[in-house]
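Shared between the two complexes below is chain A, which pairs with chain B and chain C, respectively.
Here is the complex of A and B:
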């Protein structure tokens, strides 16, 4: 990164730094009591403590201990628990959703069967499903994964369906004319051509998965960032609570950014 | 080509306008949903699973009916609707000016752009405990949080809409002597309106979701609270009844917003095309 581009990035995100500085100033000058808004440095300090609080049996080797302690720390274990749930739920919904969406566009019978079901489940506010999944699957990992799976499935099905349905007919006809077999046609023509729609559907699902993850962990869990936020809030440990909220905020932001980068990479062959 | 076009139009049912589908057509179209309901009912009736896990459809409908008579469901529905709509409207009032001025004034764009780009993809619901700390335990944290969550999509849509206003529109209006002030009111705002409404249509379900999750977590009435309490009492019928009411509410609010859109944009091409 050149000096110039560094300055551009800093200038772009300067308002964030200004806000953080204002936050710190407000606490330093006692505009707001610490009980309502712990200072920014306190929050960062607490976050670093959470990163260093991993309790392990010392093995003697400093570096190895440091690595193990890092992975046993509050921040890392809870982030890992949340990420694991989110990724499994989202991953499953992508696999099933894309398959179902494309199959619905390809086979009229499947479309007739599933389209009304999809349309009826679309407007259900997904977090309202959490209590039902707790009844069905209990309080462990599985109920959270199932909620995320169910919540992300419908938008992905719809986007894959719309994408596959909108594939240019001439593409399909030309591929057939040039001797592509039906099985390959789906994989080599329909899937790539509907990829832009599928990928933007997955982006929407990514945002939904974060909402469902946090709310289901807040409602009933013994680990994860949502649990951490609520637990610390209820025990009055506000600096820690802010630290946990900042962690999930940054995680949501960077997940979206990383996804956008990957999406652009995948779609690099597209015109425009 | 022309033939297939008319066929496509006929298939979507827009061209006829008057054609009311017969019950048989509806039955054929929604047979899978009916099948699902029937299977559900049969499975529940035969006690293949306990009613705790899956109460029958008829008992859920009965549950909705009974709870409606006892008025608590109506009160909770009204509470949730009030919270969601109020947050939605406040968010509109805040977000539209921000979005338009972001597109028109450089400093404001500079200030809000990173905030929106960081704030939009993050799960706002994680701020709930902070909002409880700041605004207490009753309506305010729920409404403020839902307002915050709704603001981002509306700001983004309004900003993009204002940026995309046709330059020739602006030039011609200026040439014909429109003052800068009425330019905003008479040209820019109407031209942005379709995009603003797109943002609003994204924000509406978000507002319902945030309100319901806050109610589930904090209590204080509302449908979210209703299903959470029912779940704690292992009253599955009420959990499903609550879910049904929430879904219908979400669907209705979305439909109403679509009607409002058609009404507000009655002059716009998209509405004119549909009525033709």
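Here is the complex of A and C:
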């Protein structure tokens, strides 16, 4: 990155730095008590401590120990647990959701069967499913994965369905006219033509996955950022709680940015 | 003249769900296609000329009557390929991948199909634009890609459904000239739907005049003897234009009167 582009990026996010400065000032000037809002520096300090608290059996090699300690730290272990759940849940919902959505658009019988099911599942507030999945699947990874999977599935199915239904009929005609068989038509025409819809559906699902991830971990879990927020909050460790919130905020932000970058690259053909 | 396709007694009736009525789109059409001719289907809108094209392409089926090609279609042989007014290019594919689509469906190896595509891209004067996406091209260029893509299937007949109707007058003129030159170079049979009299006279060898609702062949006018390049101001062309205009005016008049009666 050049100096120039660095300045551009910093300038774009300047309002965030102003907000953080205001936060720090409010604490410094005792506008708000520390028990309600610990100062930004305290939170960062706590976050760095969480990053350095990995307990490992020393091997004697400094660098190797540092790496292992990093991976055993509170921040990294809990982030990893959360990311694992989020990625598996979202990944499964993408695979099934895209397949189902396109199949529903293409096969009348499947549409007749699944449409009412999708319609009734759509307005369910997905966090309501968390207790049910915990009863069924316990406190471990599986219940969170299931909640995320269920919550992300519907928007992906709907977007894939709409995408596949809305494929320009001329594209289909001209592919058929060039001797494309039905199976290939799906892969070579319908899927790529629905990609813009599918990808924006997945972006929506990505946001939903974060909401469901944190809320399900807060309700019942033994690891993960949601668990950390809840656990530290309960034990009155507010700087730590904010540090965990900060982590999930950053994670969400970078996940969305990364997704947007990938999406743009895939949809490069749409730009004029 | 070698006959490559016979249309016999072709009738198409549509059922329109909204109104609950049957529409007689085509009525007992008899028509022969000759090898390497430039055939124009001309008529007022709603005369069923696009419907006839769809039957020829195999995308739709006649209610009765038949279309017989002398050659048989199989996996590696397309009888027809269509160039639509809407271009219908695959927007996620680059120019060369669009043109190579047909060969790809026939499982031609990558290098071979690119070589083939390259040849047709050159034919439509788009060399240098191979890696562009359709969105980056003008309407005229998109239609060239569509034509190259159709040619790459090496079909017996190329069907055109008002391909230049959406373009500006300047571009249309240029493409009309190129179309004639590509036609004479490739020796393909072109079946070209248009409602423009000038276009019919500038491009066609035979003009099939159609009447509307039900669509029938009203007259077939042979103008293969008019030398090219043609213009709409030469004596002979003006005469043909006047005749066509008369026919069309009568058709439009008829259909408007009918509409008033309804």
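FYI, the second predicted complex is superposed on the first by the 270 of 272 C-alpha atoms of A that agree within 3 Å, B and C clash if a C-alpha of one lies under 4 Å from a C-alpha of the other, contacts with A are read in each partner's own complex, and residues count from 1 in each chain.
Everything below uses one rule, namely that a residue touches a chain if its C-beta (ideal position, glycine included) is under 8 Å from a C-beta of that chain, and two chains touch if they have at least 3 such contacts.
Nothing here was measured: the structure is a model prediction, and the numbers come from that model.
By the touch criterion defined above, A:195 lies against chain C but remains apart from chain B after alignment on the C-alpha atoms of chain A. After overlaying the two complexes on the shared chain, residue contacts for A:269 are found with chain C alone; chain B is out of touch.
Touch criterion met: A:184 reaches chain C, while chain B stays clear of it.
Of the two partners chain B and chain C, more residues of chain A are touched by B. By the document's definition of touching, neither partner reaches A:20: not chain B, not chain C.
By the touch criterion defined above, A:218 lies against chain B but remains apart from chain C after alignment on the C-alpha atoms of chain A.
Look at A:173: by the touch rule set out above, it reaches chain C but stays clear of chain B.
Residue contacts after overlaying the shared chain place A:134 against chain B, while chain C stays out of touching range. When the two complexes are overlaid on their common chain A, residue A:117 makes contact with chain B while staying clear of chain C. Of the two partner chains placed around the shared chain by superposition, neither chain B nor chain C is touched by A:80. Residue overlap on chain A between the chain B contacts of one complex and the chain C contacts of the other is empty.
Residues 29-33, 36, 52-53, 110-115, 118, 121-123, 125-130, 132-134, 205, 208-209, 212-213, 216-217, 223-224, 227-228, 230-231, 234, 236, 239-240, 242-243, 246-247, 250-251, 254 of chain B touch chain A in their complex. Against chain A, in their complex, chain C makes its touches with residues 57-59, 75, 78, 80-82, 84, 86-88, 90-93, 101-102, 105-106, 133-136, 149, 153. Against chain B, the residues of chain A that register as touching in their complex are 12-16, 19, 36, 112-114, 116-117, 120, 123-132, 134-136, 207, 210-211, 213-215, 218-219, 225-226, 229-230, 232-234, 238, 241-242, 244-245, 248-250, 252-253, 255-257. Chain A makes touch with chain C in their complex at residues 168, 170-171, 173-181, 184, 188-189, 192-193, 195, 268-272.
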